[in-house]
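Next up: some structures, all given as C-alpha cells.
Same chain, two partners: chain A is paired with chain B first, then with chain C.
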Partner chain A sequence: MSEAKAVSAGRPETGLLSKFVRSDLSRPTTLISGILLLLIAASATFAPLIAPTDPYDLATVSVLDGRLAPGEEMLDGTIAWLGTDGAGRDVLSAIIFGLRTSLTVAISSALIALVVGLAVGLTAAFYGGRIDAFLMRIVDIQLSFPAILVALVLLALLGKGVDKVIIALAIVQWALYARTVRAAAMVERRKEYFEAAICLELSNARIIWKHLLPNSVSSLIVLATLQTAHSISIEATLSFLGVGVPITEPSLGSLIANGFDYILSGAYWITFFPGVMLLATVAAINVLGDQLRAMVNPRLSR
Partner chain B sequence: MNEGLARRMSAAGQPAKGTPMLAFVLRRVMQSVVVLFVMSLVVFSMINLVGDPVDMLVNPESLPEEIDRVRRDFGLDQPVHVQYWKFLLGAISGDLGKSFIFGRPALALMAERFPATLELATSALVISVTVGLPLGVYAGLRPDGWGTRIIMGGSVLGISIPTFWLGLMMIIVFSVVLGWLPVSGRGETSRFLGIESSAFTLDGLRHLVLPATNLALFKIAMVIRLARAGTVEVMALDFIRFARAKGLAPRRIVLAHLMPNILIPIVTVLGIEFGTLIAFATVTESIFAWPGLGKLVIDAIVNLDRPIVVAYLLFVVTLFLVLNLVVDIIYALLDPRVRLQGDET
Partner chain C sequence: MRKFIFGPEALLTAAATSLGILAGPVSASDLTVALAAEPTSMDPHYQNLTINNSMATQVYDALVLQDVNQNLVPGLAASWEPVDERTWEFKLRAGVTFHNGAAFTAEDVIATMQRAANVPNSPSSFATFIKGKTFEAVNDLTLRVSTEKPYPFTPNDMSRISIIDSAFVDATTEDFNTGVASYGTGPFTFTKWLPGDVIELSRNDGYWGAAVDWDNVVIRPIGDGTTRAAALIAGDVDFIERVAPADLPTLESRDGLSVFKSVSNRLLYMTLHMTDDPIKPYATDHEGNPIASPFRDVRAREAVSLAINRQAIADRVMDGLSAPAGQFSPEGYIGYSANLEPDAHDPDRARELLAEAGYGDGFKLTIHGPAGRYSNDTRILEAIAQMLSRIGIDTDVETMPASVFFRRFSRGGPGDTPEFTAAMSGYANGSGEPSHPLRIFIHTKQRERGYGPGNRNGYSNPEVDKLIEDGRSSMDIAMGERAFIQATEIAMREYALVPIHHEIATWAARDGIAYEHGALDSTFIHKIRPQE
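Let's look at the complex of A and B:
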C-alpha cells in the first residue's frame, strides 16, 4: 500500500486532473456522476435563482398549500412538481435550498479537518519519536470510535446549529487525514531529495512546507472526496435525529426528518424526494472518488 | 465503511517488537483508564455549558422558590467542580447519577434498555452474514458475470444510501402501503433458555424484521466486499488448484476449502464492527421507536438529561476500549507477524 502511494506521490499534481478528465469521459457511470455532481453544485450555488419559490419567505408560504401531492398547483399558480410539505413549502425549492446547507457543512468541515489533519500528520512524520507516538496514539483512540457516535456526543455537548455541526464534523474527520498524510509523508522521508534537503540545512518549516506537503498531498485528495460524501451523510443523519442543523436552516437531513411526521398519513413525497437527492449526491461523489482512487493508486483497481 | 479495516491495518496500536504481552496489556489498560477519566472530565464540564436542564424539569409557571428547590434537589446549585467530584466518587462505587427525567439511577435505566439494543445488533449481524456471505462468494467466483455486476452495484448503492432514509422508505413500503409489518416498538418478548428476546414470538419477530434489516444493510455491503475479495484471493492459490486437479466437485471446493479460509478475516472484522452496530443502533432505534439504549440517549440529549448522556458516553467508551484491546490481543496471539512488524512500516 505504501509503495503504491510513493509511486503516485512522485507525480506532479497537474497530471492528475487532466488524467482524471480523460478517463472520466471513457466511463459512462463516471461521466453521469460527474454531470450530476456539477448540476447539484450549480443548483446549490445559485439556489435563489433556480428555486421556483423561496421556501423560507413567510410572506409567500401559506399553510393552505400544505401537503399538496406532486404536480398539484399552489394558490399563487406555481406548480409544486414535487409536492408541498405540511407548512405549505414547495418541496423542490426546499430541496434546492437544503442542498446548499448540506454542501456548505460538508465542504467547510472537510476543509477544516484537512488543514488540521495536514498539520498534525506532517508534524508527526517530520519529528517522529515521542511526538509521533503521542499524536498517533490520539489518532488511534479517536478512530477506534465510530464517526457518527463521536459527532453525536459532540453535538450533545455543543448544542444545535450549522456552525456546531461543522465543528463536530471537523473534529470527527481530522484524525483520518492526519493518519493518511503521515503515512504518505513517512514514505517521502526516506527518499533522497528529503535527505538532500536536510543536508542543505533548510529550515524545518521550509522542508515541511515546500517538500513534504506537496509530495504527500495526492492521497489526501481522494480521501477528501470520499470524506465529503461521508460527512454529507453524517450531517443528514444528525439533523434527522434532531441534534444537527435546526429546522429554521434546513439541510437535506432536516427536510427528511420533517417529512417523517407525515409518512403515516401517506404524504411520502415530503421525505422521499429529499432522500433521493441525498442519495444521488452521495453516490455521485462516491463513484468519482473511487475513480480518483483507482488513478492515484493503480494497484487497488482490478 | 472501511474504517474498521483501515484501523486494523495500521500496526501503531499493536504491541511493539519484543514487548511482553503482559506489559502491553497493562499499558493499554492504564491508557484506557486515562482516556476514560479525560473523557468524563471533558464531557462533564462541557455538558454543563449547554442549556439549563431545570427549564425542562419544571413547569414554566412555577414559583422561583420551587425552581430553586428542584435545582438544589439535583445538586445543580453547586459549582461544576463540586458536582464533578461528587460524580467521580459515585462513579467509582458504580453510581453514575440519577436521571433528571425518570428520577432513577442512570445505570439501572441503561441496563434495562441494553438487551433490546443487543438483540437488534445481533439480529443485524446474523442477517448481514447470511445475506452478504453467499452474495460475496458468488461475486468472487464469477468476477465477470452479470449477477456480479448487479451485486457489486448494489453494494455501492448500499454504502451510499443513507441508512435512516432507507428505514423510512421501508416503513412506507412495508407498513403504510402494504401493511405487512408494524411501524414501531419492540412487540411481545418471551423467555427461552433464560434469554428474554422478541425473536421467540411471532409478534416480536414481526417487530424485529424491519429495524434489524435496516441496521444490517450497511454491514451486508461490507460483508459482500470482504467475501468477494477473500474469494478472489483464495481461489488463485495453489491448494485450490490442487483440489481442482484432483477432480473435487466445485461445491466441495467452495464449502470445504474456500469457506474456512475466507471466514477468519470476515469474522474478525465483524467482531470489531459489532461496536459500530451498537453505535448505529441509535439511528435505527430512533426511526423505529425501538426501546433500546440508543433511543434512551437521543431522548436524553434532546431533554438535557445530563446524567444519562454522561453515563451512556462512559459506557460506550468502555465498550470500545475493551473491544479494541481484546481484538489487539487476539491479533497478536493469532498472527505472529503483527508482533514482529513493530511500530512502523
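Let's look at the complex of A and C:
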C-alpha cells in the first residue's frame, strides 16, 4: 500500500497508444504512412497467399524467363506485371516475399537489440560506479565502429543466412539502446519516487523492473521504431554487398543489387520497383517514429 | 535537330565527355590503350601475375614465346630439342641486341635465371620454373638445360622467363620500375611508368622480329568497364580490353568502332564429391539427414551435366559471352579433343539417370561457389540450382567471398579436407603447359608427388593416372600430347568434372585497328596493328 502511494508520482503516462492513434489520425502524412505500413505488413505476412508466383521455389523459377519487361508473359503463362529479374523471378512476387525477409530481419533484430540494450542500460544506470563505467566503455567501443563495418565483419565470420543477419544486426544495434536507456534511467534515479523506493528497501530487481523500467522505456520505443527502419536499410546494404541473405531467397536489398548490373542495359524495373518499396517502407516507419517522438517529448508536443 | 536520347549510349557519352583529362592520340602512328588493371611492377621477375607477364612481353623476350593460343614459337631461341633423356639444347638467335646495345648471348640467359629465381619479396616467384634445372652455356649461342628426371616441359617453363641483360643481374625491382635497368630485347622500349596513371612505350627499331607499327604507345589503367568504354567512344583511347557485357551492344552498334571476341581458356566447372568418406552435410535426404554423396555414381554426375542448360546460361545469364564447354580446352587450344562435345540439355534423360542411380525421389543438395570471382558467378549458380531443382534435386545455393570460398573449397572439411559436396569454380591454364589441368585436377591426389593438389572430389582412375604420368615423363612431345588428350577423354566421360562454359574475352577499338586474339584473355600490345 505504502509503496503505491510513494511511487504514484512516478507512474508512466498511460494511454500512449490511444494518444498516438488520436494524434496520428489528425495528420494526413501520418495517416497515409500508417495505412501504407499496415498494407506492407499485411502483404508481408500473407505473402504466399498474395504473390502470383513463389519466387523461392527454384523448380518453377526459370532463367529462361530472365529480364522480361513489365507486363510481359512468362513461360508458364503468368503475366509479370513488374517484369522479371535476371534469374527469371517475377519481380512483384519477389518484392512481396522480399518484404517479408526484410521486415522479419529488421523487427527481430530490433527486438533482440532492445532487450539486450535495456538490460545493459538499466544495470549500468542502477548500479552506477564501476559497473556503469565498464558497461559504458563497451558501449563506447561498440559505437565507435560504423555499424555496416561491424556487420560486414560479423557476417564474413558467421556466413550467410537470415538468422545470421539478425544476429549481426542485433549486435551492431544493442549499444545504442543501452546508451539511450541509461541516460533516461539516470534522470529517473534522481527523482524522489526513486529515493522513496530505495528507502522502502525494495529489492533491486523490483526497483529496476517496476520503477526504473516503465519510466525509462518511452524514449526507447521511439528509438526502436526508427532503428527498425534503419535496420531495414542496413540489411538492404548488406545484401547489396552480397553478404546478407542467400541469393535464392532475396530480400529487398538483394533484389536491388541484382538489378543494378542491368541498369545500363535498360532493365530498370529489377532495381526500380524494389527500390521504391524499400523507400516507401523506410519512409513510412520514419514518419510514424517521428510522430511517436513528438508525443513522447513534451518540448516537441503542440 | 539533335535528338536527345536517354539510354545507355547517352550515359556513356556523358561519362566520356567528363573524362577530358585523357590525352587524345597525337598522330596516326601513336596508340593509346586502356587496360582494366596495371602491373604491380615493371620488373619482369617480380611477380608471376598475368598482367605483369603480358606487360613484360612488350619489353622483353623469353627464349620461347607463346602465340595467342599458347602454342610454343621460337623467341630468343631459334630452335630447341632434347639431346638426351634429361637435357634440352636451345640454339640461341644470333645478332640480337638489347635496347642498350649489348649483344645477347647465353651468359645473359644464365644471369637472368639467377636473378629471376631470387627476387627479394616476390609475392609469387618465378623460381617454380627454374628450380631443379641446371643451365650450362656450351658456347655463346648454345645453351643446355638439364633436369634430374626426364622432363618434357622445359621449353614451356622457359617461355615464362623474360631475359634481361646480364649487366643488370644485381638490379633491384625499383631499377626496373624507374627504367634504369629496363633494357630488354622486345618489340617496345620502356619509356616511363607513372603508377596509377600511365605506362609509355616506344618502338624498338632494331627488333629481331617484325617491328611494330606504332611509334609510341600510351597505356592507361581504367578500372571501371563503363568508363573504359566511354573513353573509347570519346576518342580518348584507341583500344580497350574487357568490355562490360552491358556496354557491348552499345559498342557493337556504334559506327567507327569494332569489337573483338574470342573464346578464352577460362573454364567454369562444377566439381562433385565422389567418395563416401566423409559424409558431408550438403547432400541430405528430404528430411535433412546427411547421406553419402550421390555423385559416387557416375550416372548421378551425368544427370547433373545433362540437367544444366548451357546454352540458356550463355544466352540469358552471360549475354552471349560464354561458349558451352565439354572439356578443359576451347577449340584450337592445346589439349583440345575433337571427340568431346558439350553435353546437350536433356532433363528427361537426367531424371532417368537419377532414377537408375537410385535417386528417383531426388535428394537435397547445397551447391557452393564464390561471389564476384568469375563473370556472373552467383547468377550462374542460381541458374544451375533452378536446373537441378527441375530434375528433382532440391538445390540450395550458398555463395561467399572468393577468399573464404577457396579456403573452404580446399580445406574447410574435417582434417583440412575439401569441404563441399558440389561446388563451382574456374580454371585457366596460365602457363600453357599441356598436362597442367590433368596433373592438378584429374590425377589421384598424391600431394607429396605434386599430383592432384586441385583434385577436391576424390576422382581416381589408375588408367588416367598412368597416361598422365607417362606423358609427363616422355621427351616425345607428340606422344605426350596424345596421352593427355586420351586421359582428358576418359576423365570427362566419367565426369571427373562437369564443364559448364568457357568465358568469351572481349576487346574494342576504333576502326582501322586490328587485334590478333586467341584463347588468352589478357592483352598483348604488340598484337594490336593498324588495319591493312
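The rule we apply is simple: the second predicted complex is superposed on the first by the 284 of 302 C-alpha atoms of A that agree within 3 Å, B and C clash if a C-alpha of one lies under 4 Å from a C-alpha of the other, contacts with A are read in each partner's own complex, and residues count from 1 in each chain.
The criterion applied here is as follows: a contact is a pair of C-beta atoms (placed from the backbone, for glycine too) under 8 Å apart; a residue touches a chain by one contact, two chains touch by 3 or more.
For clarity, every value in this text was computed on a predicted model and none was experimentally measured.
For the composite obtained by superposing both complexes on chain A, the positions of chain B and chain C are in clash.
In the superposition on chain A, A:V172 makes contact with neither chain B nor chain C. Using the contact criterion defined above for the overlaid structures, shared-chain residue A:G242 touches chain B and also reaches chain C. When the two complexes are overlaid on their common chain A, residue A:M295 makes contact with neither chain B nor chain C.
When both complexes are overlaid on chain A, the residue A:L122 reaches neither chain B nor chain C. Contacts of A:A87 after superposition: chain C is touched, whereas chain B is not reached.
When the two structures are aligned on the shared chain, A:G159 is found in touch with chain B and with chain C.
By the document's definition of touching, of the two partners only chain B reaches A:S144; chain C does not. Set side by side, chain B and chain C differ in how many residues of chain A they touch, and the one touching more is B. In the superposed model, A:Y262 makes contact with chain C only, not with chain B. When the two complexes are superposed via chain A, 57-65 is the only one of 3-11, 21-29, 39-47 or 57-65 in chain B with C-alpha atoms clashing against chain C. Counting contacts as defined above, chain A residues 156, 159, 242-243, 264, 266 meet chain B in one complex and chain C in the other. Those residues of chain C lying in contact with chain A across their complex are 7-8, 11, 226, 244-247, 249, 309, 312-313, 316-317, 319, 371-372, 378-379, 381-383, 385-390, 394-401, 404. Of all the residues in chain A, the ones that touch chain C in their complex are 57-59, 61-64, 66-67, 86-88, 156, 159-160, 242-243, 246-248, 261-262, 264-266.
Interface residues of chain B, counted against chain A in their complex, comprise 3, 6-7, 9-10, 12-13, 31, 35, 43, 46-47, 49-51, 156-157, 159-165, 168-169, 171-172, 176, 183, 232, 275-276, 279-280, 282-283, 286-287, 297-298, 301-302, 309, 313, 316-317, 320-321, 324, 343-345.
Taken together, the chain A residues at the contact with chain B in this complex read 1-2, 133, 136-137, 140-141, 143-149, 152-153, 155-159, 176, 179, 183, 186, 229, 233, 236-237, 240-243, 253, 256, 259-260, 263-264, 266, 268, 271-272, 275, 278-279, 282-283, 286-287, 290, 302.
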